[in-house]
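The following pair of complexes shares a single chain, subunit A, combined with subunit B in the former and subunit C in the latter.
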Partner chain A sequence: MMANIALGILNSLPTAIEGTNRLIVDIAMFFGLLVIVAMALNFQYGNAGIPNMGCAVQVIIGAFTVSALTTRLCFIILEGAGVKLLPWASDYDWVYDMTFNVATTNGFLKNNAMLGISLFLFSMAVALVLGAIIGYLISLPAVRLRATYLMIVLITMADASQIFGRNIPSISGGTLGMFIPSLFKWYPGDSGVICAVITLLLGLISFFIFRTMLNSPYGRLMRSIRENEVTVGSVGKNVVGIRRNVLMFASGVTAIAGVMNAVYTSFVIEAAYQRAYWTYWPWLMLILGGPGNNAGTFLGCALIVALRRLIIVYKFTIQSLFFFPISYLEDIILGALLCVIMIFRPNGLIPEKLLYIPGVNYSNIVQEDVKIDWRSAPKARAGKGGGLLGGKKKEESKEEK
Partner chain B sequence: MLIPVIWLNALVYASELTLLSIGFTLTYLTAKIPNFAHGTYAGVGIYVSFTFSRILKISPYLGFPLAFILGGIISVIIYILVINVLTKMGGGVIVLTIATLAIQIFLSAMINIYAYWARAAFIEYSTSFLLKADDFEWLGFPGIFPVAIGISVMAVIVLHFLLTRTKIGVAMRATSEDSELASVLGININQIQLFSWFLTGGLACLAGAMIPMWFMSSPTTGAAIITSIMAGSLLGGFESIYGAIIGGFAVGLSEVLLTYAGTSLIGTWVGEYRPLVPMIFLVAVLLVEPRGLQGAYERIIAPRRTKQPSEKAVPEEEKKE
Partner chain C sequence: MYPVLLMLLSFFRVAQEDLGTQYDNILFYTMIFLWVIMPVFIVYEEIKERRSLAASERALEASNIKEGKTEASEPAEKKSGRAIFGKIKDTFSKREPTEKKE
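What follows is the complex of A and B.
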């Protein structure tokens, strides 16, 4: 089977991408997608202590970039090249001529590899920028809010973005959803394979970027803010600025996952970007693997993706054991697992380790076993009533009066 | 009918939201966490009403006491099994909030499973239903109108006397101010917490039991209402029961009335954006006055009230400060 998979990825013959191999491609794709989201979350929450409950907003921004901007740009280029398209300017035409227009576009993209690649790069770049803008917008109120308030606002924002996607057809086709041009049509084999490979590569690249950032002085600064922001502020570091940068960078990276998901399925619909899927599952992965630790995030992500795919594959066998639809079984597992892990394994499967600093041998400095408890940091901040992103608030001092 | 239907809608919804906001604020006061599972308690109440009406075939009003007790028991179980354990382990606010989110997912799944089971076992359409037909009539009004307003007014009065006149209410207020100091004075913190979690769960479930009497209900209704609850609670200031009463009522009224005004003035497409109204409230309150009505009261009205008689003669310039 392994040889078959290797052959399949190398040649990606259509015959090789069926049955078990299709399942493997699917698992690899979703592992890549969710590991990007979960690692960005780890960067924000595990290392900088920002509880970002709005991953779904950033992912949906990436998907909307592809459906609203890249598709329009693609149509404009095609009309410039002289390809005849059905009218797509009005909302009605946009939704109802989309299937035909996308089919025409796919035929054109099949012979124009450069256009496909440059459109793909364009959507990635735009999603990165838009995600960073969203991160900046999130950080603006967060400067003056408590952590819990920020969580409330972000969770409702995920719902708000879905409402906009549902009711404005020119973004993603409204409730019907819309097909998008297959940007990897030029690839001779199965476009799902190259998509999965690119996603895994992106996950690997972002892993190395995050690791380098964490092991740099900036990463140590982030962790020190998580532990005690007052101390960091008192030695002259800009706590608000660092947190804003972290939010912007991680939001941009999360938006890329949205782009990859849209390109892989070649279809965008707002209902596919529920906060349950894109916020709660990555949180479970993060907490299962151990916050503050990228290896833990990888492990948690692999376990959860495998579990969910196994439930889907053996759906009929499992279904015979339960009287209710097993999509609710997933919810029960999600909720119960989160509680059980937080109670019985508060540090996750792989606990957080001390940071690696080049040239410094920890075993000489630290004699006893240092235990890092990620749970204490948010408590210390919350107990003081400190704001999430900006230390002391004005309102607190008012209260004391 | 004396009152237009839209006002009936708004008043019933507002009184239900008031009950829910009071409970949310009580949890925030005693446990210091926003309980995301609070809306799902209302979902449990919805299915208590459904069970009484469609399965037992009796008036859903008979189920209200059971809804109160069931909601309280669920809430207490959640507190004992999850919240108390995590608090003792030293989990911070964020950990506890994630735990309430997990509980919300779990409870929602349970409600869905119950709805599915009821549909399969009793051949009743359980995933989207309305119990208006089981209502009685009172002076030309549907029965839920006086019942909803009556229950929320009663709850407000009882809570007021509970918190100001009884020993356990004073102990609750002391616990919410400073739990360590309260325990030094001999208050059993654990009992007070249990009592307040029972009260919040019961009130939420009772409010939920009233929802299907007037509004279309489904298993997701409870989870969807949480935004409005939080908006009402936040408008009240998160730290004051009286603020929550005003905030919940205001958000409930404006959610229905603003959407109605929008649909009749601008166009029917505005109706789709109804969930945005509480979100706008949330963001506006957070940006203008993060401590809500309570903060505004303390900043503007309270200083004038407590002013000494000698200070009344202070010239205008100082008042501006």
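What follows is the complex of A and C.
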């Protein structure tokens, strides 16, 4: 009887990822990607006060890692294993022989799960490192600039990365783009589902990491830099160094979103990494939900992804309501929502709360009479003669004698 | 307990028999589960943090009153009601706002 019930449940489940199920997988995938990007942006802007308008650079680095490095490594391994590929060394061959080579590679990966998994992990690791390096390079001119100039520099960097991809075919096939080997070809079902699951897991992990970092002393330091960097600098903290570290870490995490996007679509083209999609939409999510607040970022992300998918699904119905092409509606909504939020809710839907340190009982701290024994520590320091006060006190005591 | 175990065993047995087509189902529902658990967890964390912060704020206020540093403030509902009423009044009258920004 139980077996029959189980069989009934299984039979009632969808047997193939198509139609509405495909749409659900697609929404989950892009939701996971944008959650990662928006949380990294929240880490940079919401908590450290770095207005990163160059998220697209970091995402594109992840995608280029797969197209330029992982694909080449895959071809080298295949040739080493005796699989015959068409020439791919020159730019011309790289672009025009790519379809055949990728099809051959996919056939090989279908029977070699370990190779696919290893290449995927390699892509993630290299993207993390390259993302951190690009974050460091961005930070060199950027961290000393004020907000407006910093934003301009980062926007130009995002455009520059796209121009590199467009004009150097060996990176991502130039204007034609290129197919990349399907790293989940070994999976017997639909590889989109496994990509979506991994992306959502990565989103959840990044949430944990960012939350832990924000509740740590380093997170409090970041917030203090956001509020007043001059004061933080005056007490001896390395403001430039902290901002650089934040940019490097967030860049590495954002690059992972680029890897997942490339693996999901199995195709990389620089035009898919425009700053409107990978920078402005995450910014809107952040501002809508509330900067400096992970729950707000998450809410903003969910609302925007749902809104965009609704526009896509019901485009024919919505089209009859407007006189202009429906493809412009998303951009109009982006601009209009930004204006509306900045006017009516500048703190977002969920405003930022005070910093909460887990494990600390605030009620006890406030209620108890804190008694500090000042006799031990300051005197010990003064006795050694270290510090300004200690030295002065010593001199004074000598004069008194 | 026993029926649940039997149910699970049956489920896995049937799933194993037809594994080629059921991979997608398992992952699909894992994906849905992750999708559901993420906001639930984040909202739970947020509420927990806000509650503890509100409790600490109340404790601070109580300790201040005890020490005589500040006077007891008005209830939150009264305060917010006054604020809302003041805003509405400012909107419909041409007078200067009651709460002046510094």
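As a convention for this text, the second predicted complex is superposed on the first by the 341 of 401 C-alpha atoms of A that agree within 3 Å, B and C clash if a C-alpha of one lies under 4 Å from a C-alpha of the other, contacts with A are read in each partner's own complex, and residues count from 1 in each chain.
The rule is short, and it goes like this: a residue touches a chain if its C-beta (ideal position, glycine included) is under 8 Å from a C-beta of that chain, and two chains touch if they have at least 3 such contacts.
Just so it is clear, the model here is predicted, and its values are computed rather than measured.
When the two complexes are overlaid on their common chain A, residue A:Tyr187 makes contact with subunit C while staying clear of subunit B. In the superposition on chain A, contact of A:Ala160 is made with subunit B only, not with subunit C.
By the document's definition of touching, of the two partners only subunit B reaches A:Ala276; subunit C does not. In the overlay built on the shared chain, the residue A:Asn21 is in contact with subunit C alone; subunit B does not reach it. When the shared chain is aligned, subunit C comes close enough to touch A:Gly203, but subunit B does not.
Of the two partner chains, subunit C is the only one touched by A:Lys353; subunit B is not. Across the complex, subunit A meets subunit C through its residues 2-3, 5-7, 9-10, 13-17, 21, 24-25, 28, 31, 35, 187-190, 193-194, 196-197, 200-201, 203-204, 207, 211, 293-295, 298, 302, 350, 353-354, 356, 362-363, 365-367. Of all residues in subunit C, those touching subunit A in their complex are 3, 6-7, 9-11, 13-15, 18-25, 27-32, 34-35, 37-39, 41-43, 45-46, 49-50, 52-53, 55-56, 59-60, 62-63. Partner subunit B is touched in their complex by these residues of subunit A: 51, 141, 144-145, 147-149, 151-153, 155-157, 159-160, 163, 166-167, 276, 280, 283, 287, 323-325, 328-329, 331-332, 334-336, 338-339, 342-343, 346, 373, 375-383, 393, 395, 398.
Within the complex formed with subunit A, the residues of subunit B that make contact are 32-34, 36, 82, 85-86, 89-95, 97-99, 101-110, 112-113, 116-117, 120, 227, 230, 234, 269, 272-273, 275-276, 278-279, 282-283, 286-287, 290-291, 295, 298-299.
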